[in-house]
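Paired with subunit B in one complex and with subunit C in the other, subunit A is shared by the two complexes that follow.
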Partner chain A sequence: MEIGRDLDGGLRAVLREYVLSLADDELVLGHRDSEWCAFAPLIEEDVAFASIAQDEIAHAQMMLGMVQDLGGPGPDALAFGRASSAMRNAVLLERPNGDWAYSLTRHLVYDIADDLRTEALLRSRERSLVLVAERMRREERYHLEHGRTWVRALAHGGREALLRLQHALDRVAADSFDLFRPIAWEGALVRAGILAEEPSRLWEPFVARVQAEVGPFGLTFTPGRSGPHGRAGEHTPDLDGLLRTMGEVWRSDPHAIW
Partner chain B sequence: MDLEAFEARIARGELIEADDFMPDAYRRQCLRLIVTHANSELMGALPEREWIPRAPGLARKLAVLSKVQDEIGHAQMIYRVAEDLAAPFAITRQDMLDDLIDGRAKFHNVFTYPAPSWADVGVIAWLVDGAALETQGALLKTSYAPYARILRRICAEEAVHLKHGEDIVLTLASGTPAQRAMLQDALARWWQPLMHFFGPPGESANGDAFRWRIRVATNEELRQGFLRKYVPKILRLGLVIPDPELRFDNASGNWLYGDPDWDEFWRVVRGGGQRTAERLSLRRLSRDEQGWVLAAMSPENAA
Partner chain C sequence: MPSETEVRTALQAVHDPEIPVLSIVDLGVVSAIRISGADVEVDILPTFSGCPALGFMTEAVRRKVAELPGVEAVKVRLCLDPAWDTSRISARGRLALQSFGIAPPGDAPACPYCGSRETRLASSFGPTRCRSVYYCDSCRNPFEQMKAL
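On to the complex of A and B.
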């Protein structure tokens, strides 16, 4: 079902911007996840991260198809052909993987954000967004459980692991506001019934859920309402590097079939 | 007495289970073969892993990820079979991984070569996996039952990898002149490693490994099976195989080929592969950097 068929041009443009932000989050995190494959501390986790990466990249592929329907080039051109200033992912997701504690903590925090976000999408009047949210929720459930299991295990794994977890949480907190920062166009999407509520309203429930998740281990999550603004295309050199690598072959001949 | 009964079972075509009696020499030979296979699946994932971040197109990225996931999953399953065999020697999976990472263990010589272009990903998945399927397909008849069972699943997945590789190769072969050239270069690079894949000809088929049916096909039988299947397909794509002496001999029904430089083969087998050090260092770096994770998971450290 084609997205936004009965919307006017202005609404289609803001809806496109919104779906692009969801797709880019999944694409960039999926790419980072794939970097763990064959580098993880356990063979089982090489396999797990390869699987999670496939889920995220497949979600991105699906949503970039919706972006195409809303106007523009196809999923591959969107994924491989844009400059970092045209990327709409939260900066949190472009940070390098760091250590195992950072990667797992980032994943858990993002998966909680994603859980809230896709739950809200179930109440959209855009049928295609509901379908995509349903599909994502079926798979993200396992990512959430994976992150939760690891954070719990590391939190019980002695002093070094606990210190690394808190350090990771602090770094993740510094980038978190980007996930739910109020954006000029979100009101228009709510008024049109495409979103049930402004995504920025999920900020407080999000912070509360992360705190409830990590609090029992004596860990704290204290993000401020500041930090980078990836949704506006303000990114770090880390994303430039990621895009350069990702597009290396595709950009060598964007018109060829690969 | 026990050995006689064991050999009689083998002679009757029976399969040996993990908790059956087996001579130590049989156990050691199986273990060496199986650990080398597990190591090879793990190391075999690394050349393609280098291309996951650079795969051109989302569908290709998903496919390469899925293939690498399969290979590492194979390693995981095969190490489990090896662990059962190794239990009487008190050798664990971590010991096997440490041996691999520290350069004390063998893995297949084909995985020591560089994969410098996207076309290498196609050639590896099509032809290297094709060669591996030849070997593993023959091993389905091995006498050690747990290994044979796991190989059935592995072969089914390898057959999918072949299709994935063939699809990349066909796409490049019917693509731009630059894509075709990239493919031809990759084939030229991989041909000698592919000829080396099965090992040198002329090894004795009378040793214990054959008598106990741990192995069932000779190096040359496997190589001829591979050449019969793939040489015609490669030539149909209009690619050039870099061996002027390669020709089909009607009298013997075999492919005749020029000397693929067996000295180079022995050099690589003794640990002199081009990328051996670099690839092992990736796993070593992972172990060193993430070692604290295993420590945190160990019962002593758990609070």
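On to the complex of A and C.
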């Protein structure tokens, strides 16, 4: 079913922007995940991160297809052909992988945000959004479990591991508001019944859920309502580097199939 | 003009490229088949969204149906509705998985080699998108299970 067929032009543009932000989050984190392949501390984790990367990039591909249906260019041009100022991902997801603690913590925090977000999408009036959310949720639960298992294991790994986790959580917290920052157009999507509620309303449940997840280990998640604004296209030079690498093959031959 | 049964029977011969004993019909990915004169349209439900075998399966379906007498045009559509899940795998499909050394999806899988239930999850992420890695404490072999979705 094609998305937004009966929406007017203004709403289609707003919905396109929203779906693009979801797609870009998955695309950029998926690329970062792929960078662990052959570098993770265990071979099982090379495989795990490569698999998770495949999922995230496939989710991005599905949603970029929806952006195309809403009047955008095709998924490859969107993924590989945009400047960083046209990217709508949260800055949290473009940060370099850092250490193992940071990568896992960021993933867990993002997976919790994504869980809340896709759960809300199940209540959308747009059937195609519901279907994509259902599909993603079936796969994402494995990601959530992966992050949880590792953070639990690391938290029982002694003082240095705990310090690194807390340090990672603090860095993630500083970038987190970007995930749910109120955006001017979100009200229009709610009024049209496309979203059941404004995405920014998920902020408090999100903070509470992350804290509930890490609290039992003596860790704290204390994000403020500030930080970068990736949804508005304000990104760091790290994203330029990522885009350069990710788009290298496509730029050399835009019609290549691989 | 071919019948729907003829198309479905022909598709029994198309196999998952990564699990060559498993027909895509038994995998449950063939959804609606529409026939109008010499035109056939087949709806395919994608399994795991990052599955690289999907393009291969789509093309194999197109070629197989085009071979049927009386067929002129074949269209294969990828469709998310209904969502594919592992409950769509037929009883025959589950047996095929097991014979290939992959435990079918479900809780606490039995070892496909020795049948023991003394198995434990080694990693949720296996050699392909759809498989986890288990270890059998009885015959001491690692084995794979198709993940429940």
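Simple rule for what comes next: the second predicted complex is superposed on the first by the 253 of 258 C-alpha atoms of A that agree within 3 Å, B and C clash if a C-alpha of one lies under 4 Å from a C-alpha of the other, contacts with A are read in each partner's own complex, and residues count from 1 in each chain.
Keep in mind that, in the parts below, a residue touches a chain if its C-beta (ideal position, glycine included) is under 8 Å from a C-beta of that chain, and two chains touch if they have at least 3 such contacts.
Worth saying up front: this structure is predicted, and the values here are computed from it rather than measured.
Asker: More residues of subunit A are touched by which partner: subunit B or subunit C?
Answerer: Larger number of subunit A residues touched: B.
Asker: In the overlaid three-chain picture, which partner chain does A:H146 touch, first (subunit B) or second (subunit C), both, or neither?
Answerer: Once the two structures are laid over each other on A, A:H146 reaches subunit C alone.
Asker: Which partner chains sit in contact with A:E44 here, subunit B, subunit C, both or neither? Use first/second/both/neither.
Answerer: both
Asker: Is A:A161 contacted by the first partner subunit B, the second partner subunit C, both or neither?
Answerer: After superposing on A, A:A161 lies in contact with subunit B but is clear of subunit C.
Asker: Pick one for A:E248: touches subunit B only (first), subunit C only (second), both, or neither.
Answerer: first
Asker: May I ask you to decide whether A:L131 touches subunit B, subunit C, both, or neither, giving the answer as first, second, both or neither?
Answerer: second
Asker: One more residue to check, A:Q211. First (subunit B), second (subunit C), both or neither?
Answerer: A:Q211 contacts neither subunit B nor subunit C.
Asker: Who does A:I57 touch here: subunit B (first), subunit C (second), both, or neither?
Answerer: both
Asker: Per the contact definition in the header, classify A:S200: touching subunit B only (first), subunit C only (second), both, or neither.
Answerer: In the superposition, A:S200 contacts neither subunit B nor subunit C.
Asker: Counting contacts the way the document defines them, which residues of subunit A are shared by the two interfaces, the one with subunit B and the one with subunit C?
Answerer: 44, 47, 50-51, 54, 57-58, 61
Asker: Residues of subunit B touching subunit A in their complex?
Answerer: Within the complex, subunit B contacts subunit A at residues 42, 45-46, 49, 52-62, 65-66, 68-69, 72-73, 75-76, 79, 118, 171, 175-176, 178-179, 282-283, 285-287, 289-297, 301-303.
Asker: Given the complex with subunit C, which residues does subunit A contribute to the contact?
Answerer: These residues of subunit A touch subunit C: 1, 44, 47-48, 50-52, 54-55, 57-59, 61-62, 127-128, 131-132, 134-136, 138-139, 142, 145-146.
Asker: Going by the contact rule set out above, which residues of subunit A touch subunit B in the complex?
Answerer: 31, 34-35, 37-44, 46-47, 50-51, 53-54, 57-58, 60-61, 64, 75-76, 79-80, 99-100, 153-154, 156-158, 160-161, 164, 245-246, 248-250, 252-253, 256-258
Asker: Given the complex with subunit A, which residues does subunit C contribute to the contact?
Answerer: Contacts found on subunit C: 48-52, 80-81, 83, 85, 122-127, 129, 133, 147, 149.
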